[in-house]
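Each of the next two complexes has chain A plus one other chain: chain B in the first, chain C in the second.
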Partner chain A sequence: MSLIHLSRLLFAAMAIAWVAAATPPAFAGPYEDAVAQFAEGSFADSEEAVGKLVASGNPRAADIITALQDGRLYKDEDTKLVFIQAADGKISNAATGEAVAALPDNASKVRLNNKLRRTVEAAMAGLTLLSPDLDKRVQAAQQVFKSHDETMLPTVEAALKAEKNAAAKQAFAEARAAILLFKSDAADPAKLDAIAVMKARGDQDALALLTAMPTEQSAAVTNAVAGAKASIERSLAIWSLVQNGWYGLSLGSVLLLAAIGLAITFGVMGVINMAHGEMVMLGAYTTFVVQEAIRTHYPALFDYSLLIAVPLAFLVAGAIGVLIERSVIRFLYGRPLETLLATWGISLLLQQAVRTIFGANNREVGNPSWMSGAFDIGQITITYNRLWILCFTLAVFALLLAMLRYTSLGLEMRAVTQNRRMAASMGIATSRVDALTFGLGSGIAGIAGVALSQIDNVSPNLGQSYIIDSFMVVVFGGVGNLWGTLVGAFSLGIANKFLEPFAGAVLGKIAILVLIILFIQKRPRGLFALKGRAVEA
Partner chain B sequence: MTPHILTRSLDRGAALFLVVLAALGVLLPLLNLLTPESSALHVPTYLISLFGKYVCYAILALSIDLIWGYCGILSLGHGAFFALGGYAMGMYLMRQIGSRGVYGNPVLPDFMVFLNWKELPWYWYGFDMFWFAAVMVLLVPGLLAFCFGWLAFRSRVTGVYLSIITQAMTYALLLAFFRNDFGFGGNNGLTDFKDILGFNIQSDGTRAALFLLSCLALAIGFLICRAVVTSKLGKVLIAIRDAESRTRFLGYRVESYKLFVFTLSACMAGVAGALYVPQVGIINPSEFAPANSIEAVIWVAVGGRGTLVGAALGAIVVNYAKTVFTSGPLAPYWLFMLGALFVAVTLLLPKGIVGTVNAWLDSHKPPPTDAADSAAREDGVIQPKPAE
Partner chain C sequence: MRIETKRLGATPISRRKWLAAAAGLVLGLSAFGPARAADDTIKVGILHSLSGTMAISETTLKDVMLMLIDEQNKKGGVLGKKLEAVVVDPASNWPLFAEKARELITKDKVSVVFGCWTSVSRKSVLPVFKELNSILFYPVQYEGEESERNVFYTGAAPNQQAIPAVDYLMKEEKVKRWVLEGTDYVYPRTTNKILEAYLKSKGVAPEDIMVNYTPFGFSDWQTEVSKIKTFGSAGKKTAVVSTINGDANVPFYKELGNQGIKATDIPVVAFSVGEEELAGIDTKPLVGHLAAWNYFESIKTPENEKFIKDWHAFTKNPKRTTNDPMEAHYIGFNMWVKAVEKAKSFDPDKVIEALPGIKQANLTGGTSEMLPNHHITKPVFIGEIQADGQFNVVSPDDPKKAKLVPGDAWSDYLPGSKDLEADWVKLKCGNYNTVTKKCGGQGT
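Let's turn to the complex of A and B:
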């Protein structure tokens, strides 16, 4: 450390002597010397100069380094003057900041090479380390953490001392530790401290730095590194489990949302609705239309667009569901295979209708501000839209359960499902209940579309991608049982995400499909089968 | 025994079908090969390939009708067996390219060279021999159907559940075949074929021969199906379709019957796929798409399920309509028409074209009405003619 300092001092002294000899000694000082050094022309000199500029702490340093970075810095080797050409073409003297009419004739650009470019980037980070803006400081600290450039150490230490904010302080401490890890002449205790800091940080970056450390170290340091690495790897493994669990929950909520309407139409009514996915699609397109209307007429309401879209999507999809039930499905009760074919035809019709009206391309559906962004818990990142969808799904599920349990329509639905003729003789208008149940299932699919429009492409094919998954969820969970659908969706979602790291996304999905096919062999009626006479009906 | 089966399985409609098929199978290639291009009677080669494609679809429809119309098994994954047969043939054709590929590798197909593979994966061994590929065309779909059916029928997965898991099966295969590292050409599939058994695949003669072969395969498939459904076995199948539990209680091993007919049907679908591939010149994973399988089911429904002739007819009619509409200015409306067709057939024409015509003919015949016959027709189900 001291050696480097000494050589630097020597060099600086030499430079000063040199500069002093060549130019009128009107200004002298570390800043001015550094600026003048750019005029020497060699890359090594420029690099030296950048370092000294940063150390000088002069407010104009940032301008000069930016100019250098952008190729707007000019030098005159005869007069040893350095000029900045501003973005608008105005010329100024770099050292003094005074405006100059024009560049001297023999002025040339200060050239950059890759090594110098890296130094310049690090230097910019060093300058922003002292920025009054908190975000910039933290960002700069993270930059230094990644580059662990030794020359930044004094600046980082100065910044660490001056820092008041806890988060920034931590960032500086980590940046300092990163530098110390790679500093060949750092003392062992300092390195051990640095390793402890890395261990506390405990993320992938820290692990990477520890792995990249030079290998010639004292025994104590080597041991500490090994220990820290093991500890970080352990904690990362745990966090990746948590992460997979969260992804699984998130996927499960999407599956549940898509399948929950099907659990009503297929599970409760026994109607195979292949057009279910298209109900989801209609919900997504309703969201699109609502957002378009809001964009053109009431831009201020944009954050509420989803809240407006939810009831509308329910109504649109529900109404179309009732229409389908009244016009087609009611003639096909008791002929499930024909129902399947007819509803497949309806799904083609709906898809093509949407394609004709809105075009075949993806439509842009925006995220409201409260749904965009993310936050961190430990080592995992949770995006707000996934979180909201999970909450929304559970809310819809709870509402649906309550509706079936506590409202008279729910009561009638359950009665018709369990024994149609008995229900009819008790005075329930079974065909009206059929239509409403189908409408309810479709409407919920529409609501699902609102949520899915936030994370998926809104295109006429949106529904297709969910239909097979939805059926798998309902069949896996057990037909006629909403709780089965819930458990089915979340277990499939989580299983899928835990398989993915081993098998890859596509193979994981195939594995899940194969597992379900095998599972159905074992339990043909799903996880939570209805028992009793209803089963064979 | 054999003449007995033949006479029993050939009623008037079936005989008419075979005669028309034979006439087409001979006449079209002749008109293509022997007439000059300027002649009004000349049939261009592209039409031969097009009709060849329809005939392959008809074989697929036949195989679906055998299980759906006569045994009540609605498979939404028959396109998978079709595509597997097609891939087996495609692999043979790929190996026949030899060093004429873009990269000129004598062993590896182009896509493997492109993926930087060094040697042929084990499951490509043997496909340079035609007999091996021909066996695989039957064996691979048959084996898959056997395993799948064995699992499904034994645990009594029936009705829509079976339909849904067959759909999941073909969907899983679709995803798998899309992968490059699966070794079947990924997204692009297998294409760029040069010749088959030494004959140039593009030449008029080969095309005509393939068309004739497809017609022959359809005729043989039809006869096999007729033989099955008019035999005692066929009676049991119909009993299973109409009342599965009752048949089981009568002492029949329902799952064995279903397994047999499902596997047979899958083999037929595989043959259809194998004949299809050289005529269209490509096989890619989109053949596994669940939509394709459902579309094949609607051909059967349009023609009339449980009539065999109707299935073949439905496949040809619907696909002809598809060709006409998707190539003209009406192309954007084709999916509307297809969707409407699904709905209309199930609602208004549950017996399909042939079924409705049969019913109409029956009702205009002097009545040997017996209660069972009319009851069956009430269900929208056409019984095959009793053996004479």
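Let's turn to the complex of A and C:
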């Protein structure tokens, strides 16, 4: 009996010793348990651990959850230890906060999936609602607005009371309203107030919450919800028109940018230049090369990479344009079919050359920070890259117009294209002007490539996707007229974007093509036809 | 027990088989004349676009085939003969695919062809392979609804990619509202038809499904993305199932990032976005969006690590990524080698007969098998895009223990095809109608 008892005791002691050796010095508090659970490896365990961490109220919880969110939390499944890698690379033990020299060899990242990410975001919101940092508070409030988690209500109300900043106050009020909408035991007046807050907010998120509200409500609440939804829907319908207008302008600017170069080589010089798209592509690849060089040598300059790429792209594409004109096109003036075939061949040649040098894969061209992200005006979202491209397009257009009008090269260009023989008799070296004009058109296409690299793939096929659209714009706007190209591009862009929501992208594009064909039947010379003797030249 | 019966019946069968094989070999040799017999190399055709739109995806497959053939030759070739790759460039031009296939089979006399990417290119070469009785290994995930005697499909059928992905979203993300967004051609249209039928069978209301198509190479996604945003704000969890192909993906994801649609709000699961496609984008705003494949470069197995190492050494580029269709070619090529060794012949008829039942370890820890319907068994993985452009497998929990799903040629969710069955071993038919009991039923 006593022997058995003794052996049991011994066994228990051994077990304890074994456990103590195998696990880290456990203080067995809820916080330490929660941290150790991250080491289990499954998503469900991590999710539970986040909940426990928050409940533990330990001040280090926020650090651990932030690290998890940023992918800086590591686990060692053998020793059940969890580590935080700080932003500067320093490692510390997550449970104790003690610094550790290096991660163990078999440490791996604690994995995240979307469900866990949502849990983490909600947990972070709970932890940062009362943060001294204004941005964090607002972010937390927005997160609560999205998750409308009932348990957050007391914290949100406390935060609302303490808040001094107007924007944050608004965010907290909206978060509180979102919670009240879904709180089954909230009183009707509180719900009506909440609905009014949603109505005032008036965006899609508010509409989504109102739609998702539980249906069993009192008549007053149901009516108020219906009224608020109708009002939000009305205002959103108007905003969507504004949004379509903006999308149209943005598409128009892309079309214009791609077409300006062609408006010179095709519109002004009359060369059916099928290699135009490849000039755009060369511009985009120049941007890629510039960015690569900056990344490896002067990473601090990355935000200026596009500014550096613009003149280089102009020079590269322009030089190749001059080369093409001198070596091929000048022998083919006045023979449009041969020009078409020759430039088509050149375009294939350039594509394959780029494919051979850079490979067939897409190349990554990064967005500088000032071109990333978006901002809201009313209920529409305007992305910075589109806005900058619009400004850039208009600037290029204005510069080109000024150049044609006010410089002597511009004057010579106009003279040669309007009446070659008379210009020659006035002493203008027409063949030199031809080469320069073609180079200018190509160079501008190269600049377009810099901008388009921000919104499209940088691949050898980049140019092909723009060549048809560019011809469409130039022909529609009126050959030989830059203003026509401008108006043509923007009207096509806007028409396209107003058709797309109803007809879909495929049918919308077909409809536009049909409209253009009908229009050209009626006015073969496009929107703004050149009149007078210039037409015959 | 099993061994016993096998041995009992083994002698006569194997002798008969051996006789047949020998007879076939003699016949084959006499048919092709002494030129082939004297030749100690066997030609393998590679039919992938090296120029044009599809070059971005297909060039890699040409390279991986060259590597596999090179490795096989280092091991001594097949049946004592060296393999020789014949590379042709169909230039992303669908009719040219058929011409080049004919050239490979009649002029170069290749024993097998590995090739095609788009469904339309495969459809274009089908008649050629049937007429000239050769073998095609097709490595890309596709819409199904096909099973041909001369074609072996080593990519995923819809039930090995699309349907498990939708199941994952329903189960893990509790998605109730669906956007089916695709490029306007046969693969997305058929896949979306299957998915729509599947979702409806799971009780999803028609107004909770939005189907949308955009042209090839579409780049202005502003309206489409804001449409998705609006559709997603109806108070139900929404997800996008993307069958957007090729180049259009980059601007699509850029626009998603710019308009602030995060994976935690509206996740996008893609069937055509792999490691290769992500190489052209800054993936930080995309973290958490999903892709469904049967292989991911990030899955850690000894086989996969060796494959990646060999690939980097072969291409002399340590940054080259590997992807799902590459693994499909790896499986397909090794299956072909095993089938040739089993048949002891390069004769197409014998190899076609030998292929069903051949097993080959895949790169993610399982063993794939060629089925009688000429599709293979594959594991299905759901991966999340990570900031470094790789995928982190989120389903199944342990990728190495993934269940293998047999490829189904004819979808069970389409009215025209659910009664059809493909079986080239017993039924000798690619579209056997189980209701009318006749070969030659119609798919949709």
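We adopt the following convention: the second predicted complex is superposed on the first by the 376 of 537 C-alpha atoms of A that agree within 3 Å, B and C clash if a C-alpha of one lies under 4 Å from a C-alpha of the other, contacts with A are read in each partner's own complex, and residues count from 1 in each chain.
Assume contacts are C-beta pairs under 8 Å (C-beta built on N, C-alpha and C of every residue); 3 or more make two chains touch, one makes a residue touch a chain.
Here the structure is a predicted model, which is why all the values come from computation and not from measurement.
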Clash-or-fit label for the pair chain B, chain C on chain A: clash
First (chain B), second (chain C), both or neither touched by A:Q352: both
Contacts of A:D76 with chain B and chain C, given as first, second, both or neither: neither
Contacts of A:L518 with chain B and chain C, given as first, second, both or neither: first
Which superposed partner A:E338 touches (first chain B, second chain C, both, neither): first
Which of chain B and chain C A:D193 touches, first, second, both or neither: neither
Touching partner for A:F471 - first (chain B), second (chain C), both, neither: first
Which of chain B and chain C A:E292 touches, first, second, both or neither: neither
Partner contacting more residues of chain A (chain B vs chain C): C
Partner chain in contact with A:K509 - chain B first, chain C second, else both or neither: both
Segment of chain B intruding into chain C (one of 56-64, 110-118 or 218-226): 110-118
Common interface residues of chain A - those touching chain B in one complex and chain C in the other: 351-352, 355, 506, 509
Chain C residues within the chain A interface of the complex: 50-53, 55-56, 59, 172-173, 184, 212-215, 217-220, 222-224, 226-227, 229-230, 232-236, 247, 250-251, 254-255, 258-260, 263-265, 267, 276-277, 279-282, 288, 384, 387, 392, 394, 397
Complex contacts: residues of chain A adjacent to chain B: 272, 328, 331-332, 335-342, 344-349, 351-353, 355-356, 468, 471-472, 475, 506-507, 509-510, 513-514, 516-518, 520-522, 524, 536
Residue ranges of chain A in contact with chain C within the complex: 42-43, 71, 111-115, 117-118, 121, 146, 204-205, 207-213, 243-244, 247, 250-251, 254, 351-352, 355, 359-364, 366-367, 372-374, 381, 383-386, 455-461, 464-465, 497, 500-501, 504-506, 509
Chain A-touching residues of chain B, taken from the complex the two chains share: 68, 74, 76, 148, 151-152, 154-157, 159-161, 163-165, 167-169, 171-172, 175-176, 178-179, 245, 290, 294, 297-298, 301, 332-333, 335-336, 338-343, 345-347, 350, 380
